[in-house]
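Some structures to go through are shown next.
Here come two complexes built around subunit A, the first alongside subunit B, the second alongside subunit C.
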Partner chain A sequence: MLSHITRRILLMIPNVIAMTFLLFATVSSFLGSPAAAMLGQEASLEEIAALNKQYGFDRPIIVQYLDWIAHALRGDFGRSYTSQQSVADALLPTIPVTLELSLWAILLAVVATVLFNSVPFARRVVQPITTTLAVIGITIPNFMLGICLIFIFAVKLRWLPTTGWVPWSAGVGAHLSHIILPVVTLAANYFGSFTLVYREEYKAAYRRLFIKVARAKGLSETRVSLVHALPNAILPVVTYVGLSLGPLVGGAVVTEMVFSMPGVGRLFVGAIGAHDFPVMLAIGILVIFGVMVANLVSDIVYTSINRQVSLG
Partner chain B sequence: MLEKIGRGLALGAICCAMALGSLSASAEESATPKKGGTLTVGTQSDAQTLDPIASVQWSERQILFLVFDSLVTLAPDFSIHPLLAESWDVSPDGKRITLHLRKGVKFHDGTDFDADAVKWNFDHRLDPATGSAQRKQLAVIDSVEVVDKSTVTLNLKEAFPPLMAALADRAGLMESPAAAQKYGKDIGSHPVGTGPFVFKEWVRGNHVTVDRNEQYWQEGHPYLDHVVFTDIANTTVGLQRLVTGEIDFVAELQPRDIQLVQDNPDIKLDPIKNGQWYSLQWHWNEPPFNNAKLRQAIAYAIDRNRINAILWNGQATIANGPSAPGLWWSPSDKPYEYNPEKAKQLLAEAGIKPGTKITLSDPSNNILRQYDQLVKEQLDAIGLDVQLQPVDYDQYYQLTLDRKINFVPMTWTQRADPDGLLHILFHSKGTANSTGYSNPEVDKLLDQARLISDTAKRKELYDQVHKILAEDLPYVSIVFSAEYAAMGKGVQGFTWIPDLIPRFRDMWKDQ
Partner chain C sequence: MTESTVKSYPMPVTGGSPSDGETLLDLRNLSVSYHMAGQQVRAVRNVDINLKSGEVVALVGESGSGKSTIGHALMGLLRYEDKVAVSGTALLRCKDGVTRDLFAISDREMKRVRGNDISIVFQEPMSSLNPLHSIGHQITEALLAHRKLRRNEARERVLYYLRRLGIPNPEQCMARYPHQLSGGMRQRVMIAMALCCESKLLVADEATTALDATVQAQIIDLLKSLQAETGMAILFITHDLGVVSEMADRAIVLYAGQIVETAATRDLFDTPHMPYTRALLEAIPRLGSSQMKGYELRGIPGRAPSAFERVDGCSFNPRCAYATEACRATMPELDMAKREHLVRCLRWKELQLGGCDEFAAARR
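Showing the complex of A and B:
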């Protein structure tokens, strides 16, 4: 187990190098030199050339990349080209926002999936609604759903604030009321896909012998469902959560844009727009690392739930 | 003999303000300004820095104009008025501009605003190591000379009247040298100016807050206690937040956006009708568009009223050239009239057979897509066969500049000086001349107009330029777009400036 984890962590290093190079190469060939973006629309070619030289954008991409990674390995990610902030100053305050949004969203999606699809009462009564919500969650894109939710709950009903973000320090109520709509928006898609996965597993588990045994023992239907069927049906969802973390980052980008949340995703979009390579690459590393760690964690969780599988 | 331009302009401004006042004096706007309150502005922020010297993004300016004062300022017709410079003298050869600075003004950090600070602001922008995008606008300055504590002289390499307009924009915003020294590279997160509002906090990606400057030099100003710029994802979200009262003001609205709020009694709309210049441009000196008859045929074939009606609900202004009506240099010429018969005739004279294919670039942007489709419809009607070629919106300006695409829709925002757009677009050496247009007569007129300080005389030259442009057609002018600002009904004191950047310093709220 330990040796497995060590190996997985070591494997991340070549992965990060390969991915960042890919990011660096595609970004600089697609977006071009940041100099034009830094100087604005009317910059003359001479000025752009001068700035390219000053920042070294005129060197071959591989040289620029090696230069960047040499600094990065020493912990120096440089300064944003546009805001002149150090990358740490730009990036660090955004991480808790995105982390909180993502964790709430995953938690909500898992809890809602399990509740709606396991509790016998809920299964009987709200089954059609659950199915409808699952389909809506999967088919409606995030930004659309976000705007619809804003319109219904903020503009029409006035129950919640439309957009924006308030730190915990400004009050728990204010913080939570601002984060509800983004969390629901981001969770919707996962609720949909988790429901589809979980429901099939749950049905399969229910047909198995130990359920009959449990019933024969005279256990209540709720107990049969929650204690015997649920733990067996949840395994694929755990794997699925691990696999969903990559797309989750994508969903967080869109959600943060719609709800004006100062998270990593919003910073990333701004950095792309401004061709701000230092910030983009740092976020790239962070996301790649985060997804790989999350996958590792989900594998560990999986093995601890299902003793038949071991990491080796 | 020196001309006292500042005072003359100030008098002019008063007359102008009186004239405007009598035109728009509705009951609520003549109310006396009230003090206090917070104005919350929704903005699609792309702000990267609040250091005016490093600033290039659009949305930064509405914040910068509150925290910083510029040396001079602009009226809605783009005439220039005093701000930190109370008046200015121009030497007869136009090569020395002496600025007389307002006395007793202090930066927010308590240091004095004086001639030394002005000199530092110019020298710092002109230093290539700073990498300021404004260096080019100020490149004509040879040296900055401190005469006394409140007088500073700019020695120019050549006479250059457009410089004053630059001093009303980012290049003229005065930053505290002491703060720049103190914060170094982090100055962009700690802006210190002399403006009516003091920077309080910036949560990037969320909001910027500025507070009333209690020590502001202008007696009784500003009225508001706080201005908060809160980020919005798009105008739809912005309007929804306006309806719920979470924000007080949102701009950058297209006529079709406002349907959501136009019947709402709690919201008032303020349109500007001489906004962005929409045009079509081409490679003027290369086939097929080096054929003057073809260019004229296209100019006659376009039904500008129809485009205006469909895209701007008829609220835009038909364009007869690059300079919008209402500016001091606007020409009085008539635009090309819609005349498909004449267009067909010109096409025949040009030797272009019916069904000839022409490729029009189609940038991935909603408005430009619809605009292109209308252009195609009208050009197809005179016998051309327009092919729309999709191109990424983010890249299309660069592709145009690199001359990789030929026939493209184009938009430009008005500049505060005629030289601003006319020189970069139409001078054969203009930095944004992507049409290949070259007319020695136009070059000569533009060069001459740069050297004259007298606006009436300059306008005569620009009138000639506009006339030639209408004949040569490096661009076909279509409309000046209409844009709206929407605000809560208690929000007062807003005036549009045709550069489309909202100014909040003189606004107030009825409680």
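Showing the complex of A and C:
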């Protein structure tokens, strides 16, 4: 198990090198010289050439890449072209925001999925509307749901603040009240897809013989459901959670924009608009790492639930 | 344990009237019908079974004869199926001294009876266990469903049963997962699970069918010694008449959801009155009998009617060599051939079917 985890982490290195090169090459060939973007439309060719020389944009891509990665390995991701901040300074404060939103959203989606689709009481009461909720969750675009929620809960009912981010230090209540709506917005989509996966698995698990055996022991239906059907049905959801962290960043971009959250997603949108090459690259790497770590974690969780499969 | 395969089993001593003699289960007029494709399909028709404490009764029949349905109905497992109607009464004398009708009590009460007063071992040990939980967890759970025990007490009891079922390294086995055990071991675990609350009635639903012959013999040995030790009654559901002759005090032959013959095992093998029973006996393959004079392994022509089909008259008549016009017109009632020997055949008195001689001889 430990050796497997070490191996997986070591395997990330060639992965990251390949992915970053691809990212580097695509971004630079798409955007062309960042100098033009930095200097604006009135810049003369001489000015652009001078800036290209200053930043080294006139060198071949492979050289630029090697130069960049050599710095990156030392933790230096360069400076943002727009704010002249170091990339680390720009990026690091945004990570906890996005991470917190994402983790809450996934947690909420998983808990709601399991609750609505396996507790016998909840199944009876909520079952008829879960399909509708799931389909709404999948089909409605994030930004629309976000705006609807703001309209209902912040503008009309005035229960929650409209937008913005308040750190934990400003008070737990204030912090949570600000993140509820974005978390729900992000979770809706996951709730939808998890429900559709989980429910079919749950039904399949319920048809298996060990369910009859569990009943024959004299267990309550709740116990049969939660101890015997649930762990079997949750397995594909575990894999799915691992796979969905990549797309989650996409969801976070929109949600963070709608709710003005100072997260990675909003930084990313800003960086694209400004052709801010170093920031885009650093975020790219962050996402690659995030997806790989999430897959590793979901594999570990999977094997700890299902002992028939072992890492190694 | 290769000796088990060649070992012949002694005839059960009880021979139909167990020492206890008290009625444990009185199943009356059980009918089970499924609602399928817009029609009512009767899988079990008016079955009566009386089981005394400590008695081993075999329920014999081909696939689709309704024998497993009876077991599942008794366990209350059909309550969870949609479109299944169970009628009749099943009076079970529970351990607390109260006699309950298993078909009339609430789900809540049934939950207390299941696993405590009546247990079941299913046909497929490979899929009976939840792959995600350890063996120890799954047996302990059965025990704790009915007993208030401390952790270590429960553990001791589970270990006792695992040991009693001949499982090597019971401590290790408790920590294992189902996929790490063989079929025979899993079935032992299932039996330990069924026994751990000391039910007075065990339904063995083809409990040995999926196992290979050697393991089958071991499990049958085990069930016999456990039965002798605990005095529990067993309803042994099987299609294997060899197993019936080894295990059962009494046998009930089912055909198309109906009882067609019931008698003490020896009696049934010696003097079957129903042509179907006789045909079943002829269909048992025997080692070395091919050299015997006049012996022929015969199958039963045709096939059993599916629950969808309606057969006029006796349900066995299309396959019966002795069928007459009368057999095709009237459904025979169960008739008493002698004490504790019932037969559903219009012509049983005139037919001299003869028993399964060498089979009976082997047991004497």
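Here, the second predicted complex is superposed on the first by the 311 of 312 C-alpha atoms of A that agree within 3 Å, B and C clash if a C-alpha of one lies under 4 Å from a C-alpha of the other, contacts with A are read in each partner's own complex, and residues count from 1 in each chain.
Assume a residue touches a chain if its C-beta (ideal position, glycine included) is under 8 Å from a C-beta of that chain, and two chains touch if they have at least 3 such contacts.
What you see is a predicted model; the values in this text were computed from it and never measured.
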item: Fit or clash - subunit C, subunit B, common subunit A; value: fit
item: Contacts of A:Val258 with subunit B and subunit C, given as first, second, both or neither; value: first
item: Partner chain(s) touched by A:Gln54 [first = subunit B, second = subunit C, both, neither]; value: first
item: Subunit B versus subunit C as contact partner of A:Ile147, first or second or both or neither; value: first
item: Broader residue contact with subunit A after superposition on the shared chain, subunit B or subunit C; value: B
item: Partner chain(s) touched by A:Ser169 [first = subunit B, second = subunit C, both, neither]; value: neither
item: A:Ser3 touches, of subunit B and subunit C: first, second, both or neither?; value: neither
item: After fitting on chain A: smallest Cα gap, subunit B-subunit C, Å; value: 46
item: Parts of subunit A lying in touch with subunit B, wherever the complex brings them together; value: 32, 36-44, 47, 50-51, 54, 79-80, 82-85, 89-90, 93-94, 143, 147, 150-151, 154-155, 158, 161-165, 256-263, 266-267, 270, 273-274, 276
item: Subunit A-facing residues of subunit C, complex; value: 72, 75, 77, 80, 111-116, 119-120, 122, 124, 127-133, 141-142, 145-146, 177, 179, 190, 193, 197
item: In the complex with subunit A, residue positions of subunit B that touch it; value: 46, 48-49, 51, 54, 56-57, 128, 131, 133, 135-136, 185-189, 203-207, 230-233, 236-237, 240-241, 243-244, 246, 397-398, 424, 431-432
item: Interfacial residue positions of subunit A with respect to subunit C in the complex; value: 208-210, 212-220, 227-228, 231-232, 305-308
